[in-house]
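Both complexes shown next keep subunit A, but they swap its partner, so subunit B is in the first and subunit C is in the second.
This part shows the complex of A and B:
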């Protein structure tokens, strides 16, 4: 896939704390997701322009992120502002990291390389969310969604049968009993995908037992997907 | 005010000329340097580069490492001009 159009989830909001960074992928494109000390999330190309080191290994300093390798510091626009080995250097505007649009919605961090993309489909879907987990699975995204549709969760509250709706390219809503889950699909690589799962609802209703209920379902879903298919060796198959 | 220099560099070694020229152009662009490629052949490259001294040093270092298909054995440099200019980033 290409990381050009639309909005794509890259993490649960709670997973990226202020002053921290993490590396991830979309369609093989390496990205750093980081949150400055004022709480604003950023998604950039995960590569220092100096020597190519991953910025996700770097350190957040206020509203700058510093490369682990030689300490070059970049402001929130991706512009290099400080080179420790040359403290008096007026860093040219050409030394800049490609940055992507970043929005937080439905308890997830979304990014887009498309300057004309409107708001992500997740915007306005939930006033309050409770995080469940990010589920990383060794299979392609289509296989993950097919498994999800075949194995929807039992409700935490209520009794009605689960249904699933696709709200956007990478956003799904599961209604089960009285509960609603929002799931952001991240297409990491050809054979690797992730689901960022949140409960739409107040923490007072779902924190603790509700989270544990859906966490158990998600973990079991991954187990079934990654479990090798049961096959019989040829000589045993004949005997059977 | 920002210090600037104009420096002439002569790289000697074994070059794939198109490859080295493209490499030098990309590095100069990244470092916001002015670059004039004056002579380029399989054994020698003469260039004139202008900009902040620290960035000129970085350019020399990058080109001394060079692209995979070139081997730089030596670099001689001579400063043609030094002075100051207004900071364009402000």
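This part shows the complex of A and C:
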């Protein structure tokens, strides 16, 4: 699995507010995720062509993102439009940041480096979503999915046993009781992965208590993954 | 002119905690600049006579001399905070602010050590310090994730408190010791809100533009 193929989640939509930016990784590649003031999300290479500074350290003004070092401003196509030290300069077209296709679906921001990729699997999976959390874990992505499959959540509403289905390379759906979760898997780098978790359903049903229910499950899942089960030494167990 | 004096080093994040509180409370203060790095002026006998621990910051308020950023924050909020609510007087909110202030002075100090090691030649195991810093920042992010689901914007209660002031620098300065903000989405949102508080100010390592 490389970043070239398919669609990959990089954040929950709510985590990237209008006018803000954040760094992230896919397969070790550094990316900036930012949202312009009109609310459109963008995913780019996280590197200013001028001095290599991370654009995720920069600042968003209108539909431009500016580098923190020298204020070079880039439009939403990645084209440099303004160099403050040379305000009258017609900026050469070659000063451009690589940009990646970006869409929002299932309450997450998805990106692809593949110009021919169709719609992400997440498109159309849910009319409304309620965010739970992005769960960052220090382990391999496949190990994270194995742990997820071994530890599906109890329902917030209803009773039936949880099941999991894979909808795309990096998208999973968990049905538990009357509830449905969508989980986007992000392969950050070696031994570091994230699950972006949302509830498919209306805020009226899940805001607050429903979110707290699945948040507790997700955070416990991380704990079990990172800290192997404590086992009592035999002599102590016998003494109990 | 108030009788308040702050023994300050601009790059010290504990001094920054106090500068934030002073600014947010609108308290005028005389600053005594300390050459902490590379001069180690805070370890010299003249300063040890003021604070035997040899730590910054120290605040003098008339006859009172205090060391420890968290104690200084409490004093400023109680003695000069008026009705700002930065230090709730009683109830759960009081206890929770105290919890986060002790966390700030205790577990969170690994972030101060990590930064001191990365920037100011202080001894330590950089890898272990960074791992420790990630653990405590995650505790904060987990808390603010849950707070967000409860419709709350701040660490404690309905508005900003000393807890937010004490905890902000460790997150805002984490890139100084090689921990990016990528894994802490709830802290990113909280940090952006914190920056809008009246009297907010930056320090080196925390950009004016964001």
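By definition in this document, the second predicted complex is superposed on the first by the 226 of 240 C-alpha atoms of A that agree within 3 Å, B and C clash if a C-alpha of one lies under 4 Å from a C-alpha of the other, contacts with A are read in each partner's own complex, and residues count from 1 in each chain.
Keep in mind that, in the parts below, a contact is a pair of C-beta atoms (placed from the backbone, for glycine too) under 8 Å apart; a residue touches a chain by one contact, two chains touch by 3 or more.
Bear in mind the structure is a predicted one, so any value in this text is a computation, not a measurement.
Superposition of the two structures on subunit A shows subunit C fitting alongside subunit B with no clash.
In the superposed model, A:180 lies in contact with neither subunit B nor subunit C. When the two complexes are overlaid on their common chain A, residue A:91 makes contact with subunit B while staying clear of subunit C. By the touch criterion defined above, A:22 reaches subunit C but does not reach subunit B. In the superposition on chain A, A:205 makes contact with neither subunit B nor subunit C. Within the superposed three-chain model, A:166 lies out of touch with both subunit B and subunit C [touch as defined at top].
Of the two partner chains, subunit C is the only one touched by A:215; subunit B is not. Looking at the superposition, the partner that touches the larger set of subunit A residues, subunit B or subunit C, turns out to be C. Here's the short version: in the overlay, subunit B gets within 25 Å of subunit C at its closest Cα pair. Those residues of subunit A lying in contact with subunit C across their complex are 11-12, 15, 17, 20, 22-25, 56-59, 66, 68, 133-134, 136, 194, 207-208, 211-212, 215, 219.
Listing the residues of subunit A that touch subunit B in their complex gives 49, 83, 86, 88-95. Taken together, the subunit C residues at the contact with subunit A in this complex read 138, 142, 145-146, 149-151, 175, 180-183, 185-186, 188-189, 192, 207, 209-210.
Residues 2, 29-32, 51-52, 54-55, 87-89 of subunit B are the ones touching subunit A in the complex.
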